[in-house]
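As written, the chains take the letters A, B, C and D, and residue 1 is the first residue of each chain.
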Amino acid sequence: MKDWRYWLAEQRGTLVALAIFALMFTIYISNHPAGLTTNVAQTAANKGTLLALVAMAQTLVVITAGIDLSVGAILVLTNCIASMVVTGNAFETTLGVVFVLFVGALCGALNGLIVIYGRLQPIVATIGTGAIFFGIALILRPLPGGTVNETLADAMTGKVFGIVPASLLMLLAIVLVVWLPFCSSVIGRAAYAAGSSETAAYMSGMPIRRGKFAAYTLGGLLASIGGLFLTFFTYSGQASSATASTYTLLSIAAVVLGGVSLFGGRGSAIGAIFGAFAFRAIGDLMFVFDFDALWQPLFQGVILLLAVSIGALGLWRVRNRLEWFG
Amino acid sequence: MSDTTMGRISERMPRFIRRIEPPVAISFACIILLLLFGGLYSSAFLSADYLLQQLKVASFLGVIATGMMLVILLGQIDLSVPWVVAAGAMMACAATAYGPAATLAAVPIGILCGMLIGLVNGIGVAYLRIPSMIVTLATNAVAQGLMVVYTGGFSPRDFATEEMRYLATGSLIPGVPNALIIWAIVGAGMVFVLTRTTFGRAVYGIGNRERAAYLSGVNTRRVVMIAFIAAGGLSAFGGVLLAGYASKAAQGMGDAYLLPAIAAVVLGGTSILGGRGSYLGTVAGVILITLLLSILSVLQMPEAGRQIIYGVVIIAMLLLYGRSPANQ
Amino acid sequence: MIGAEALFRMEGISKRYGGVRALEKAELVVEPGRIHAILGENGAGKSTLIKVMAGVVTPDEGRMVLKGDDVVFAGPAAAQKSGIACIFQELSLIPDLSVADNIVIADPPQRFGMIDRKAQRRLAEAALDRAGAADIHPAALVKDLPLSRRQVVEIAKALARQPQILILDEATSALTAADVAKVFQVLKRLRQDGMALLYISHRMNEIAELADTCTVFRNGRNVATYANGSKSNDEVVEMMIGREYHNVFPPKPPAAVSDRAPALACRDLSWAGRLKDISLSVAAGEVVGLGGLDGQGQRELLLAFFGVLSGLSGEILIDGKPVTLNSPAAAKRGEIGMALIPEDRKTEGLMLPMSVRDNLSFASLDLLSKASVIDSAAEQRRNEDMLDLLAIKTAGLDIPVGALSGGNQQKVVIAKWLMRRPRIILLNDPTRGIDVGTKQEIYALLRRLAADGAAILFYSTDYDELIGCCDRVLVLYDGAVKRELKGDEISEHALISSALNITGNGHSLREGAEA
Amino acid sequence: EGPEVVAGPASDPNCFVPWADQTKFYKYPKKDGPYRIALANGYIANTWRIQMIQSAKAYAAQPEVAAKLKEFKVVSTGEDVPAQVSAVDNFIDSGYDAIVVNAQNAAALIPALKRAKAAGVIVVAFDGTVDDSEDLINVNVDQKGLGILWANWLINHLPNGGKILEVRGVAGHPVDGIRHEGIQETFAASGKKWDIVEVVGKWDDGVAQKVTADAIATSGPFDGITGQGGDTGIVQAMIDAKHPFVPFGGETENGFRKFCAAHAGDGLKCSSAGSGPAQVAVAIKTAIAALEGNVVPQAVKLPLAIVEDPNFKDGTDYYKDQSDNFFVGNSFPTCGIDISAIEILNQSKDNQ
């Protein structure tokens, strides 16, 4: 029985991401003036969770061999909407949350429809929809501001029992409620299959359209959870194109660090979560090392370059050069 | 439906037009439509002044998009454009601090800096087999870091040299901006490379199927690396021209060029998956994007509306002709 | 046959692609409990016909009747629901999913809306077992399997659906005799169980052994339907190609003894545990075959010569001189002059969306250019020469090579290398999926090239081909040369027994399978 | 615990000018020095921010300031708002005494301010201020006043009204919005007839130049121009298009002032005012004062660094031979802060 070897091979990307994260985070914590206190953990968890949500959203789309360059814009749009509707009493707040999630799913669904029925390449289709989503965000929130139900916001960004960051529990819940059911359903398998070989999937009679549509829609949904969380984080909404493009690019970096193949069909959202946390830990190193402020961006760039080059180590093992080409 | 209509229309056209692919034809048609639309608002949109100015401004994007196209034809992408543009411009201007010889060589120095970053991209993509989307993201961050350090610590000189000014804003042929001539030369070079040289064939081949190209005895890694170096050099050259236009270099001057460059290439009918596309399409795409942005700006459309229209136009145009074939 | 009720019937089916008539009023009657073979040269319309049956292609006209009811399939899923399972020529496995995932892909077992992995595993193991491939691990990823194993997985996948009609479009083209024998046992059992089978193959001996009924297609029409065995081989081939047909293999010249160093040789070549101390030599003018079961290192050996593998130990000698080749680019260069016709034309040989011209020239660009600038006139001339030489059927040099029939695509792959006039030609199963007419041309061509001084090393899964074509055959087993057969020693018997590494009197597996 | 609200005036009334009459005065519990102070910066890759960081370092290195500081740490987190908020959290957790913030999105700091207050950490925001919270000290120039100033300059120079080109900043940014508001309101209140053409220059010379060129070609000529940034590019576009020089209300870029000085005689009458990067030094100074237990206003209003035609002097108001890209207005004499922009730019790597 060498089943575990197959399992290991399948999870390699996730495990590498976990290892990078563990390494970076250990360096960070062992140099942190305060050490690993619950507050430090909470700060790291909140920041990581936000990126992890966007990275998961990106993963869903990337699995289908697509890419969502509008994911940051969805984040920003839902952030702006959340800063308007997630207020008031418990009932109103709940309605607001549902509405925000609905809008996110709608944006994702729109992407999906354009890609599936419009037969456009995802990368350009989402450049277009991203501009549209951002434009709407700007109409809704020409200036930063707004409010959010602070009780809910503090609860979601706080600690449960004074120890466990609530954001991590939320992430866990999302994995259990959204990700695991998705990837072990027929629809999810169709999404993977479409990403791996769309023709073969079609010939095999798989519901590839539904699979892709579900992936894009859930991607939008996850991005909107990110938007909600961003609102909890900041108590406000801002239509910032910088935020949109930053998170789009970071989500791609996190997804790759998390071992998800940009060519589709391979990888998991759990890997992307570790990728996101690893990426955040890279940024945190800045905090604990006494770098001149002007050298920090360079340092961060170099670390990123090194981190993405880790995958290249596998090249040493390649003895058949055709394996270069996947 | 649109395919067959197009087919029928194209049959009635003269032969040389018929050979132009639908994306190119539609892009040019959209350009004319856009101008007519602008002309309704103000006849100034149809003035030679305005059009030449658009072509001049389009030249910067055109040079940058040329490099982007080369990379996209390989099935890759270059996200390092923003800071390669800035680095090229800043380094070219910086050269002026190092004596008259360096000042004369400012333009090549700027381009060389871009090629160096392109080299790192190329090594990462071709030899380390890292997805281009992520290597170029990282080199963009590194280039930004370098420029921040440089600006903060080296008392940078950032005036464009006379030569740079001349290249971007002068006019050797009266009435025709030099930038446009440069774009024409770069474009002609690109057309020649793509259609007539072994390198161009290899680019298309690799874009279609790198494995088959490798087994055909093409040094695919070298081709990919050279393409990235060229793309870096062209981005930097675009930056140098921009610096000449603005008469100075600045941080962040390349930010506005990444997505338009990709959009221009794709609107011009080049497949984002690689292996397919013609330079004429990129020319159309560049002019289209430049005009669209300019007209929306001048119409004083609020930023929100502009973003929405920009997005809608991209999607609508691609729906017209950029669709992948239906499932057989 | 008489009295058996037609399970499925196709009437007046036509399909055009632009100007190409893939099918023209095609008819087909499928009956339960019978194996129906479909024959025809490349591009005759066989694949198109079954794609119509499988719901992949919508016909322009005609009707299909399943158990007396008219049916129209909206897509492959609809056809599958009606009990039609199809193994497509170009396979339809998902490379990044596991074997088990692929086998149950159409209808995975579910619990509470989730896929039940345990049940899936059981189903997959059972299906693999039935297909005679219990050695394939259900958790392995399909992309890690060689083509021959993938074909078996595809068969298992079709079996797992328990269809009423099973279609195999060249589903065994990459299998060696041993695997084919196992598959045949399965197919015959299915026939007994009352399933209707459609079988497409270019291997005449397989059809002779397996089929009950045969239908011959030519240019999109059915030419004849007859009971198997009622026509001679040559008659059948003549129906297929529409002209007279004789001996398949060109005569072999007498072995010439030369004291020149062999054009290609290797000494103690080993690689990554997959090649073990291989020593061989191929002289100019010689056609040397590589035999053995699939996956015994033949592919790796060819790749090793062609500079694709790194970490080789041992020596490769060209004209007696040791060389180090680090890439195909190095291997094809002037002094070496090597060419490799790769295994999979669709991913390794061609760029399907590019024109015939671009593909033909692609390996020879260095010869067709001065200072890297392509000489279009020379290119045009050389391309036209190659079209003539190999009689490639194409509507022009500027159409995408993907629009040619499979056989013509294969000719383009060969032509693109012959354009370089290589001195050493490595071929990896070059006639897979190619009709007999074309095969014959390729055999003749190989002989001509050898006569002109080329050294040819030729791997084939088809024993007849090795027997008919090769001066010598080296049989590989587990990465090592087990046996060298010369002249009259090359027989099916000898090939099979040495392939299985059986010493003494191994009996033919095909005979065994028939029992 | 938070500060005690006391009556004014501030300990250094010349420097710590309260924003408005109602502005509260704070007296934080006195802490013993030397202090650990952190600067949480966001984006860094533009000249203003680089200059700001250099100014902060130069100020913190001044002997009398350095004597009060045990540690001065700078972290830049890029354009990512949550990352900056987390950096603030991290500084709180690491026990810094005060945090100075140049916020990407000031409104987003509010939750972090709660945590800072609970931990007894003083937060001073500058450049972008948090108006909806009183758990910090704001330090800023009057951005709206800037818009009003520019508009008034044009109104004064164009007695009959006319056609104005307004080049705006980054859409969605509060500073752009408030400056725009100031400009619009002032023009509307002037009672003259104005035709205002708005384009978006994103505070970037290249973008501003391009949109100005387009605007001139299609809607020009203009009688007056106001630009929030990228003004060098705007003038460059005028020159390239041979647009006549007209009155101009703009920022404090050296390049812009160079043009203003050179072409004043041709009609380029400028009002150049803005928010110098050295306001970071005022913010640090405020933080130290608060830590020392001195009375400070909750919101400090900085003077605008204004130079208007015909007062442009080479060597003080602009530097002819230096880069176009830095912001000249960099001294706050009322606070005793005079960090010459040119000095910090020329600070070589070695003597930092």
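The rule we apply is simple: contacts are C-beta pairs under 8 Å (C-beta built on N, C-alpha and C of every residue); 3 or more make two chains touch, one makes a residue touch a chain.
All values derive from a computational prediction rather than experimental measurement.
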Keeping to the contact definition above, tell me which chains border both subunit A and subunit C.
B
Touching both subunit A and subunit B, which chains are there?
C, D
Would you kindly say which chain has the C-alpha centre located farthest from the C-alpha centre of subunit A?
C
Which chain pair has the highest count of C-beta pairs that touch?
A-B
Subunit C and subunit D: spacing of chain centres that average the CA atoms, whole Å
72
At what distance in angstrom does the C-alpha mean of subunit D lie from that of subunit A?
35
Inter-centroid spacing, subunit C versus subunit B (mean Cα positions, whole Å)
44
Going through subunit D residue by residue, note those that touch at least 2 other chains and give them in order.
44-45, 50, 53, 171-172, 352
Quick check: what residues of subunit B touch more than one other chain, meaning two or more?
144, 148, 152-153, 211, 214-215, 302-304
Which residue numbers or ranges of subunit C touch two or more of the other chains?
56, 308, 327, 348
What pairs of chains are touching here?
A-B, A-C, A-D, B-C, B-D
Residue set of subunit B touching subunit D in the complex reads 42, 44-45, 47, 49-50, 53-54, 57, 144, 147-148, 151-159, 169, 242, 245-248, 250-253, 255-256, 294, 297-298, 300, 302-304
So in the complex, the part of subunit B that touches subunit A is made up of which residues?
77, 79, 120, 124, 128-131, 133-135, 137-146, 148-149, 152-153, 210-211, 214-215, 259, 262-263, 266, 271-273, 302-308, 310-312, 314-315, 318-319, 322-327
Which positions of subunit C touch subunit B when the two form their complex?
56-57, 306, 308, 327-329, 331-332, 340, 342, 347-354, 358, 361-363, 365-366, 369, 372-374, 376, 416
Quick check on the complex: what are the subunit A residues that touch subunit B?
67, 114, 118-121, 123-125, 127-132, 134-136, 138-139, 142, 202, 249, 252-253, 256, 262, 294-302, 304-305, 308-309, 311-312, 315, 321-322, 324-325
Please name which positions on subunit D make contact with subunit A in the complex.
39, 41, 43-45, 50, 53, 57, 73-83, 85-87, 89-90, 92-95, 104-111, 132, 170-174, 177, 352
